[in-house]
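Next come two complexes built around subunit A: one with subunit B, the other with subunit C.
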Partner chain A sequence: MSKYPFNRLGYMAGLILLAAQVSPAQAELNLLNDQALSGISGQGGIYLSGDISINEDGGPIQNTYFGSCSDTTKRCGARLAYQLKEGGGWMVLDDIRGKFSFEGLTLRVRKIDSGFGGDGALFNRDVLEIGLPNFVRYDSVTFKLATSSTARPTDPGFQQTDIFSVEMQGDVVLEGNLLVFPTGNP
Partner chain B sequence: MNRIWLITRLAALLAVAVPGLAHAEMQSLSESELSRVNGAGIGLVLEDFKFAHGTDVENGQIFRIGGIKNSQGEDVEIVVNKLYIAGAGSNYGETLTPVNLGRLVNPYSIDVVDGNDIGVPDKAVLQFAAPHKVDTTQGYDCLSSSAAAGSGTCASRPASADLPQGERPDIGLQLNLTVGSQDTANINVHAQSAVIDGSYIRLWGDNERKQMVGQFKLNFYTPELSINACDQTTAVCGSRIIMQNFALELALGNSLQPMYFDVDGTGNFVLEVAAIQKPGAGTIGADGLRDSSDAATWDFYNDYYTNPDYRSNLAIGNLSVGDRDFGSGRIEGMLIQHLKIQTKDLAQ
Partner chain C sequence: MKPSVITRAGAPLIALLVPVSPSVLADLQSLDDSAMAGISGQSGITMELDLAATANSISYFDDGSGIHLDGFRIGAASDPNGRAHQIYKIDILDDASLNLDFVVQDRRIEFTDVRLDDNPAASMGGVFFDHDLDGNLRLSPGGSLSSSGYTYDVSYQMTNGRLGYRTNGNEVFLDGITMDVNAPGMTLDVDGSTLVLASPSVTGSFSVDAIRYSNNPLNHGVSSDVTSGALLPSYGSLSGDFDLSSETWIAAGGRFGDEGIRVDGSTTINSANFIYSDDGNSIALLGMTGVNTVDNLRLDVALDWQGRQSLALTVDSISGNLDIQQVQLGGNGGNLGQINLDYLFADQTINGQAYTNAVYLQGGGNADAGSQGLRLAAQWSLANANVAYTEDGNRVIFSGLQSWGQGDLTVDVTRNEVLNGTQFYDGLRIGFEGVKGGYRINGLKVGDDDAPLQGGTELLLALGVFPSYDFEIDGQITLGAGGASGEGLTINSDIQITNGRAALVAAPYDEGNGEVSQKGLWATELNYDTHVREMTVDVTDDGLAIIKGEAWGTMDIGNLRVGDKVEGNSFGRFVVQNYEKGSSMTIRPGGADNVCVGGSGTDASSCAASGGLWEMRGEEGVTVSLKQVFARAISDTKRNAFIWETNRSQGAGGPENGTGTQLVLNDIHTSDGEDLDGDGIEDNTFGIQTDLSVDIYHTKVVKKEDGADANGVVGNRGDEKIMDTSTAAGYRYVAAPTDTEKADRPLGFAVQAHSRFKELSVNNIDLVHPTGGAATAIYGVKMQNMDIRANLTATPIQ
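Let's turn to the complex of A and B:
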């Protein structure tokens, strides 16, 4: 085993680090004491708009080869199956499809030390604030709640009982802020 | 040697470049400090929250629940005309204002709790909980929408000058049923200034039955729960059935008799609260007293029969239909000893 290449490489790396870090790093980084650190809180935040489509219409291609949602032997929509007992049947959320669009979901860290009918002052901590978007547009959102004998529809002996299905469309009013924070005594 | 030199050199460089930031923050915890650390759950509070959805076909809004058949095999479709969660004083959903749900000092929570603390030995239990109830000296009356501090056990506060949005929502639902081709009237259900403090769902796994088990507690208090029906076309409404001071405390499953969830082999959902085991022969004395019985067995059954947490209650302050009062009704201390519910597919 030759030591030579390693040493040479290591030496170069050391030089590069030295060159890159010495003077600018010294100027930039300052020690913050506990008091100064405790005064720092997250600023700004994130503003999100967008839409989420889940198998809304079976994807970009619909034909006899790739399948289409009208073809009963193929399937559109997501399926979530959960077995409640070893060897038992499955609880299923089936045929989850549709599009959710929203404008202005915000994410930020907020310090709460007042308001909330006096709870704010008692609380006096940071929370993660998820600003709800006021309106969420549902476009042909559907899902089914069902029970099934197998996890997948293609498994042998598949038998399914649909309990009910839900269809939602249009603007849903969803206003306010969801505040998320740890509980207990971390 | 060279390698060691390089490593020490690099370490020295890093130490110069990142001067002692970590030193000030990190401190080791002693054993006794560590033993007091609990796993923290997630607290959730909704601030100035408002939710509304419904069906308004002309404006492209649809909210429908289908796939249900009646016993004659006709399709039953539920059209949800309106569903709202908003501030108290909404005048049956006419004016929707924001509301706070949960308190920062007593929020809705998702947590994994130690089963030993709640009577489920040696299990980690997943818990979804509403704000827990508090001592009467700090709490608010669960029913009164003008309750002051120290009047009851509920943590959620009604709207007041300090907290105009309040923490008790108005919840309402208007729906109509279509059976086959026949429309029914609109059915409206409204709950005013509702409180669900002390409710929870706990889920865990049972080793012997290898099955999901749970415990469900629903507390629902409202000063007025009303139901009425309106004609779909003329919007003329019938008499309102009003239940004043409605208090439901429903306990499904408890730590001795948890609720078992299952889907059987043919794909039907089964919900079961197993019957409690009978005491062994001779363990409970003929006179039923502790002295003549096996003490541990007697204590077990005594707890089962006396613990108010295992029992369900329903109280209605006054039931009225239109302008007629029917007075109050109360069901108290109902203990579910065995329950088995199984769905059945009528198509089969």
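Let's turn to the complex of A and C:
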């Protein structure tokens, strides 16, 4: 067993993310149930629920490209463009719309010094714990992936090629906790 | 030896208060019999006099150290060389009481400087007090403790009042003060060596027409500028009423040496209302009640902790509570809710250092502002406070607030000029010099004071308040008179915070078993340099409107630590720079009202049909509307940027900033995306607009796992948490709660947010290597047409 057992999961930009049911490391982790947490100091934190919608009724720009969602000749979603090469073209996520809702996203700092099949005692560190909601509901979440000649669709010489569209609907199961903690040289 | 009061001119102080000076006597006119016929109560004595009295200095000595009121004068308010007109009628009544009717017209009492022995060149500044009085004092034998005491019945009306503070030719003053006071049955007794003053009932009302500012040295206690004739600018007006009772004990003996004064007291606010108005729109604190107790307040002329001579006010403790039934904001009279607080200022030890409560008043103010000004070398120690906010009957308590610190505060009235290399602005300048302190909040309680302590103080981040903060502050904030239009405030400030430690997430510092290391997510080695120019603050019909002229700053977080704020491991260094022009904020009473959470619909049935949760959050609460206009970068300090740096070289004091690898988001800015005004530059007026409506509301909380929870309460996954005071833990889990049980869902903060922007751009994203330099990874990011709506509820974890 390594000094820091979570090293098995690999490092990602200095953060180690543990998600009990969406990580391939699931088999190696033991979920702490609510009662097990009773022995952990620092019970502070918050519990979040709610919904977030993007451009449900369109955005603030009204021009030849963007408009109301009732106007089928225009796009009412948000647009994100970024340029990877100086003077080159733009990658675009276009017409971003949709709604997400969730119950029970938690946020707190806690010390892990027990559990995890004995690995917790060896780990013995503080982590920022993001408790994932059991379900995240996607309601008509859509966007288009495209390439464009300009950052704005209203810039001179604008040309855009929509590569594909994505639409997401339904519930996604997100269980367990996301543990975020520093590692390496700060 | 008793403390002594003398005048430097050699005349006893009483000579200034009682009309016995030759110059005054020469002006007295005897009343003939026909004149006397118009005066009632002819059995007594009537004195009518025109008074003008001056003294070069009045001094108070305490253990050989003196404080001097220089340039003392009593005379006319309207004429610096004129006399105040006063009429006193004295009668002995049938019950052997002494009755004094008094009328005072056009009187000013003032002193130009307050100086201390050790630094006579520095003055605390001057104070003037103008007033007309019409009142009555009745003095009867016998106090509350013995027949050797006295009983006073006092009532008076003050009109045409002014109370001002002047430094270096600039003034701030309350103009047009009117006050009615009725205080029957006040008693004065001697108990051993202590004077006991009891005021069983002090009722009255007051109003202040304007709080004015003058930067013209030719002005002194006038409403209009003597040069231009224009009315002087105003911060706003005040009004209120009060019903108080109090007891005060006064004894000889200071905290330092043999001499000094000791004061103990207790004041009860039976009822009070306070209203600040800006062009007719008000902030009103209504229905106030409370108690304040002062234990062992001492007044000395003594040295502060840096050996500087001062007028020292030191106290063992100040405790009390204050309840405000309504906080109304805006011309439309909307209600934010109810506030209750209790507090205890007392000595405490934080991080091994002892803190107390003391203010040491010294002369001089800011060193560059001139010879006049006030310096307060202050130590504060708030040992415990609880602040409760209630809206629509739902209550959240921020529990275990502690604060501590020490440092110098300077107070100067300044004008827009550069003096000795320092830029000053029009207004009342409050300076911070080496102020080192902090605060922390233990946790939240919902419902009542006996509720269990919970986490959740990080919810305050939504209001820009850290749950815990250690800081060192230098800088200034200048409060100018006049807002965006008419009355109001204009603020210019420069604040530098160094060596800060701010919690973004914080666990309690005391869970009931004594103080523990507070766990959290901490921004440490924090240096924050922030500047604001021409920011106006006005009360409008809707609420409080704040418009920033120009604001910029750099928040340099040396380490973002998780766990302990000193020893916790670090995610690295984060730098956030902001540069805004034309940003604004409006705070309005009233929250989100009716909301469909997780669905859509305009009523309960349509919301439920869409799978949503219909919430009626009530009329109270608060809504904050923000407009953040991120301007394009014009320099390395005036820009919007984000930097994350890791892998820094280790120096003697830890990781050295600038030696590691950086991710830089450079020149983040908003834009309207078009040039409507035709000036050749893209407009940038829309910014990022965000509306946040915050309520305290019952929130659905579901159990995430089968079995017992952290407090041993058993339930199944998906069960709802229902508060129940009859259970040991204060709650239980219910699979399918009834409507009655739903009314007992846990309380939390419900936030309805709506944020939108036309364009938000990042000029470039660079990766910076300490030796290889910057390499651009992304040559531009542009987000357009974004509109995000969110309904979020946040409850503390129990």
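As a convention for this text, the second predicted complex is superposed on the first by the 126 of 186 C-alpha atoms of A that agree within 3 Å, B and C clash if a C-alpha of one lies under 4 Å from a C-alpha of the other, contacts with A are read in each partner's own complex, and residues count from 1 in each chain.
Definition applied: a residue touches a chain if its C-beta (ideal position, glycine included) is under 8 Å from a C-beta of that chain, and two chains touch if they have at least 3 such contacts.
Source: prediction; values computed, not measured.
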item	value
First, second, both or neither for A:Lys85, with subunit B first and subunit C second	both
First (subunit B), second (subunit C), both or neither touched by A:Leu179	first
Subunit B versus subunit C as contact partner of A:Arg152, first or second or both or neither	second
Touched partner set for A:Asp51, first subunit B, second subunit C, both or neither	second
Which of subunit B and subunit C A:Pro60 touches, first, second, both or neither	second
Which of subunit B and subunit C A:Phe164 touches, first, second, both or neither	first
Touched partner set for A:Gly117, first subunit B, second subunit C, both or neither	first
First (subunit B), second (subunit C), both or neither touched by A:Val109	second
Intersection of the subunit A residues that touch subunit B with those that touch subunit C	14, 31, 33-34, 37, 83-88, 90, 127, 180-186
In the complex, subunit C residues that touch subunit A	443, 454-459, 505-508, 511, 516, 519-521, 559-564, 568-573, 597-599, 646-648, 655, 660, 673-674, 686, 689, 699-705, 707-712, 717, 748, 751, 756-758, 776-798
Complex interface listing, subunit B residues touching subunit A	2-3, 6, 9-10, 13, 16-21, 24-25, 36-53, 56, 59-68, 96, 98, 100, 103-105, 107, 109, 111, 157, 160, 162-163, 209-212, 260-269, 343, 345, 348
Residue ranges of subunit A touching subunit C (in the complex, touch as defined)	14-15, 31, 33-35, 37-38, 41-61, 63, 66, 76-88, 90, 101, 103-104, 106-111, 125-128, 131, 134, 137, 151-152, 154, 180-186
Subunit A - residues contacting subunit B, complex	3, 6-7, 10-11, 13-14, 17-18, 21-22, 25-26, 29, 31-34, 37, 83-91, 112, 116-120, 122-123, 127, 132, 144, 146-149, 159-186
